[in-house]
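Paired with subunit B in one complex and with subunit C in the other, subunit A is shared by the two complexes that follow.
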Partner chain A sequence: MAAHHKMDDRVGRDRLEEMAQGVIGEPLDRPEGELKVSGRATYAMDGLPAGCRHGVLVRSTVAKGRLRAFDVDSVERLPGVRAVIADDRFIKNPAQGMAGKAPAQDTREILFFGQPVALVVADTFEQARHGAQILRQEVERAEDAPVSLDDPTAQLDTPSNKQSSSGDIDAAMRASPFTIDATYTTPGHASAAMEPHASVATWEDERLTLQASYQMLRYNRAELADALGIEEDNVRLLAPYVGGGFGSKLGIAPEAVAAAIASKELGTPVGVAMTRQNEFEMVLRRSDTRQRIRLAADETGRLIGIGHDALVTNLPGEKFSEPVTQATPFLYCGDNRAIGHKIARIHRTPSGSVRAPGEAVGVTALEIAIDELAAACGIDPVELRRRNIPDQDPSKEIPFSSHMLAKALETGAARFGWSKRNASPGEVREGEWLIGLGMASAARVNMLIESKASVTLTKQGRATIETDMTDIGTGTYAILGQVAAEMLGLPVTDVETRLGDTNLPPASGSGGSFGAASNGTAVFLACEEIRQQLCTKLDCNPEDLTLKDRHAVVGNRRIPVVDILNGEDIRGEGHVEPGEAEDKVRQATYGSYFAEVAVNSVTGEVRVRRMLGVFAAGRILNAKTARSQCLGE
Partner chain B sequence: MNPFVYARASSLAEAARLGLDKGTFVAGGTNLLDLMKLEVVAPERLIDISRLDFGGIEERPDGGLRIGAMVRNSDLAADGLVRERYPVLAKALLAGASGQIRNMASTGGNLLQRTRCYYFYDTAMPCNKRAPGSGCQAIGGINRSHAIFGGSEHCIATHPSDMAVALRALDAAVEIERDDGARRVVELESFYRLPKDTPHIETVLEPGELITAVLLPPPAALRQAYRKVRDRASYAFALVSVAGIVRLEGGLIESAAFAFGGVAPQPWRDETFEHILMGNKPGPDLFARATDTLVMQAAPTKDNAFKVLLLQRTTQAVLSELTGV
Partner chain C sequence: METDTRTTLLDALRNDLGLTGTKKGCDHGQCGACTVLADGRRINSCLTLACMHDGEEIVTIEGLGAPGRLSALQRAFIHHDGFQCGYCTPGQICSASAMLGEIEAGWPSSVTADVAGRPDLTAQEVSERMSGNLCRCSAYPNIIEAILDVAKAKGS
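And then the complex of A and B:
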């Protein structure tokens, strides 16, 4: 039986708090930690099937052009080489997160340097890598290929749904006693997880199994099936352990499609792992940005206007654009607002979601400008921010679901010792080192993604969680086990969590900091369903049932759960969906950062000596994994 | 990587003989194996010399040291005599690479490690060092890490070693053995070759010649310093590094030996700079005058002009540290 919840329904009470096991929030170790640190956790390229060949992707060596031919013969003659494969279905770059369909195909049309153009398959990785290295390409090279954000020949797109304004920012800038008009640039970022992208493809007739390293399996399955032109039902993805993602494994990537095609063609399993060099060229990067921030404030530092104009880059045709202005509409007050967003189309590795897309570089620019304003107004940076906290989302004029920025600022300032700060630059010195204290607000939009999970309470009284959710190093195994243990009154060691298999109920996947809330809720709902069934067996109301230490307590009865089960399993399914709530209330995580930074007055070297982050991230399911997440994975 | 033949030499003579026949020596392999995987280099024969006895760290009759070519960087940095008499060398070694790499890297191999120029590493790019005559993309390209001294129109790559910078300041020499057993000693000053129009030839070593040791004269003074400036605090190559050795006598600088890293195709030394210092009273004016001279011949490119000022300032700070002024 299934429990379904749409996020619009008001629950009105805190169910997890009503539970008795007492494991939620505890800083428990990851159940799979020992496997990982002892090398026994099976990542994508571990435990290769018998007869598995190795494929290495061949990179384009021009930024734009048309591939005419390969010198296939000289590579296919090499020892161990089985095939040089270039297929119309190969993909140029990874799918964007949650695309659910294949990204751009036709790798003969070259759009960026380092784009995959072919796959060399051999008996060993080393043989395949050598073949990929020496494969000669005959390319018709295009001359007009802008590659930088500043290139005047780059086409500029202005997506209409990313522009907004209210009031008159120009008038506010003219009328205000304190204004800041500054432009900031940030470089691109590459995500390079410890485990590179890797996929091992095996076919049984028309059914494909892919051992891989991905974050969002249900989407990845659809993307892979679409790229190959086969039915989704014929694709199974397995990713029980994922060695880091940072967004780079949100969408299906070239190695997966190439491995599947090569495996089908050769009739053997084929594994393709990206080399570390591939990771920097074939995987979506964070866009470089240029951001103009305008701030207008009255005599008291209260903002009258905020303008944020962003220029980002991406490949022609890619829909994603780094959402740098994402937090600007709601972080601070101000009646006159303008958001502008442009995309320069350039021929570089395309950009996509990388670790907190948008805020990571967008809030940075905004917060630097706020500091400039604090200096201009002569108001303490913490106080200036506090004064500008809005009562409701000032752009959409909708309430906040909760708002903890003031508390985060206050707590952070107290714990860091902000009051001891000397605000005059260059006055605190230790030898050659100039010491400064700085701070910033933090904000990150909240998302909930549809998610399913099933939980089985076995006749032995143990629980098994099943979902195609992933653990990319974030602690999914630990927290899902804690949710089920709390709800079912079990020690966490009595709960087994099975993840990373598309045969299991489809989950949100890991991304956007929505995994714990989305999939954790699905597991919670599945457990509620099990509790309901136990209540039926016990003939009691749900609020009268306490489950703790493998026992049910109802009134003055205390019964071992195995006795209630009486030789039968109970299964519950949970299904959570977002509703209209996210449009009706503004949901975001807030926080504050405080840092002590030293700059060497001789060499200009910059060293962070001390840093504090204070976050209001909702309910903490596991203090240890949450802390690791706040530190940066 | 390219298929290659692996041979383990059982004696120095055998190693040198094998080396004569298109052989490439491998010791710690911390740089060479990476380069082979990327096919930046593709030796036909790899001659493993890591098990040969080149001797350890021995005191010489003149009070100097002989450091066997296979002495590991970590062992050299931890050696009592080195720490006591050549602290600039110990500091330079510890400023380089990582603990894991230092445990493998050898003294001889460290001298012969290749540049980390990005274009040298990417076989899709022209590079006169990797593929002679193909051109240089660093000139006019991205060249933040590149040389401000000693480059040519064919190559502006820097030598990456920290150890070699300290050795250059210490007036070290390299002991080399040929396949016929004959030995020669080459001052480190003459060991490296500037790129000119042959950037692929980096040293005076002839085919079959093998570095057997590094020789150190007795230290000129114990006022020694090594300062390395880099973007992050560990595991990064120098933007600029300074090895300095100064002797003070009666309030004057009697001798000064300085070598600079991260700025040239080889550990860089400037006699004029040292002469300005010697015989003079240390102080900010003298340091400024000397470092002005030091950078007079600097030829920075688009992205590395910052190195000129950074080198001056870092050198002044090292002078100040060594002289107490």
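And then the complex of A and C:
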């Protein structure tokens, strides 16, 4: 039986709050902790199947050109080398997040330095690495390859759906007593997850199993099948543990496709792990940006205008562009607004989603400009931000689902001791160190992604959660177990969570900070379905059923759940989908940051001495893992 | 055992001996994920060849504890949530277990004020001494708490 929910409106009722087990939100240890601290958690390259060969990717050494030939013979003669493979189906770069289809193929056409062009497969890693290092490539090199954001020869795209304006920002800038017009640049970033991309491919007839390191398995399965030209049903992905993602493992990457093709060709399992160097060259990077920000404020510091123009880079043909201005339309008020977005097409590793695409660089620049405005109009930075909190989304003119920025600013300022700040630069010194305090607002758009999960309440009274969701360090194992334990009245140790297998119901995957809300809701719905079935057996209304400590309480009856099950399992399926709520209300997470920074006046050395982050992240499912998410990830 | 002269200690452990608890993060000495104990000292197993360690005692994370019989450090890492994805964790724990011995033996670090005296067990000392072990998930504050907890329990 399936419980389905489309998020069209506010639910208006807090079901988890009505439960009795009392484990939701508790700072419980991660259930997979023992495996992780003892080296027993199995990541992609741990536990290679018998007879597994090793593959090492070969990269291009020019930014643009055409690969004419390889000196295959001299490599295939090396001891242990089984094959040098360059196949039309190889992919140039990882798929963008949630693409669901293969990215650009044909690796003979070279579009960036470091692009994969071949795979050397050998009996051992050492043999394959040696072959990959000496493989000579004959390349016809193209000279017209702009590689920097500023290159005047780079083609500049101005996508019309990424420009918007209302009012007249130029007039607002002319008319305002306080204005800021500044340009900021941010460098590119690499996700650099600790576990490199890795895939181990095994075929049984026409069926492929890939044990790999990915974030969004249902999309990855479709991408891999599309790249190989086979049916999705013939592909199974396994990723029970993922050594970090940060966006870099959203889409299927070159090593997966290469491992699958090599394994099919050689008739043995093949494992391919990217080298750390490959990670920086073949994996999507965060775009570098150039951002012009214009702010116009009245005498009281109230914003009348905001302009945010962004220039980002990507490879020709790639659809993604860093959503730099994502938070600008709703973070602060102002009637005159303009958003601009340009993409310089350059021949570097393509850009894609890296931790908090958009806000990580866009809010940073906007917040620096807001600080400059605070200095220009002589208003405290916290106060200036507070004055500019809009009472509805000023661009779409829709209400906020909730708005916690003012609270986050107040709480942060009080806890940090902001009132003790000396606002004049250069006045606080400790020996040769100059000390300053700074702060910023934080915002991140909220998303819900279609997600499914199943939960089985077994006849022994234990629960099993099944979904192809991943835990990339975010705490999925912990929180899903807590949701089910709360809903079914079980200790968390009675709940087993099975993740990372495309044979299980397809989840949202881990990305965009939507995993807990999306997949957690699917598990919640599956449990609601089980509760419903228990009610049928007990002949009671759902509101009258309390589940706690393996017992059902209805009226004055208290019955062990195993007795109700009476030798039968109950299975529930949950399915959540985004709906109209996305358009009806603006949804975002808010927060504030405060920092004390010391700069050495002699050497210029910078030290962050103290930092505080205050976040309104919705319902906290596990206080321990949530705190860890705030500290890092 | 027999292995290729080019095989690093890390790959020998993982591929030849099936001890995959030791992780490969960078394969060139920058991340510490491959830290093991060779004759009691912590080393990056990716930076040394297996054939250079003939006859030595190598201890990996598997040798420090297993589910059900974890070491104090392993338990403290769980309690303090000193990891997220867990990929750097075996290296962190091997490194920390040797590092505590170094402090006990009185080895100074570059943040020890008096190099002739006994180093203090401070967050700054632990952070400096663990700086060879990167954690991309940034569990650093929790890792430091976990290590200090164990060190203090030992000392008292």
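Things worth noting here:
By our rule, the second predicted complex is superposed on the first by the 631 of 633 C-alpha atoms of A that agree within 3 Å, B and C clash if a C-alpha of one lies under 4 Å from a C-alpha of the other, contacts with A are read in each partner's own complex, and residues count from 1 in each chain.
As a working rule, a contact is a pair of C-beta atoms (placed from the backbone, for glycine too) under 8 Å apart; a residue touches a chain by one contact, two chains touch by 3 or more.
Here the structure is a predicted model, which means the values were calculated and not measured.
Within the superposed three-chain model, A:R607 lies in touch with subunit B and out of touch with subunit C [touch as defined at top].
Annotation for subunit A, partner touching more residues between subunit B and subunit C: C. Look at A:S628: by the touch rule set out above, it reaches subunit C but stays clear of subunit B. When the two complexes are overlaid on their common chain A, residue A:A50 makes contact with neither subunit B nor subunit C. Residue contacts after overlaying the shared chain place A:T61 against subunit B, while subunit C stays out of touching range.
Once chain A of one complex is fitted onto chain A of the other, the partner contacts of A:A273 are limited to subunit C, with no touch recorded for subunit B. In the superposed model, A:E432 makes contact with subunit B only, not with subunit C. In the superposed model, A:E126 makes contact with both subunit B and subunit C.
By the touch criterion defined above, A:V11 reaches neither subunit B nor subunit C.
On subunit A, the surface touched by subunit B in one complex and the surface touched by subunit C in the other have residues 126, 130 in common. Residues 1-3, 37-39, 123-124, 229-230, 233, 240, 310, 313-314, 316-317 of subunit B are the ones that touch subunit A when the two sit in their complex.
Against subunit C, the residues of subunit A that register as touching in their complex are 29-30, 32-43, 45-48, 124-127, 130, 192-196, 241-246, 273, 275-276, 472-475, 624-625, 627-629, 631-633.
Note for the complex: subunit C touches subunit A at residues 4, 6-7, 11, 14-15, 18-28, 30-31, 33, 60-62, 64-68, 70, 74-75, 77-79, 81, 83-90, 93, 134-142. Interface residues of subunit A facing subunit B in the complex, by the touch rule stated above, are 59, 61, 79, 113, 126, 129-130, 133-134, 277, 432, 602-605, 607.
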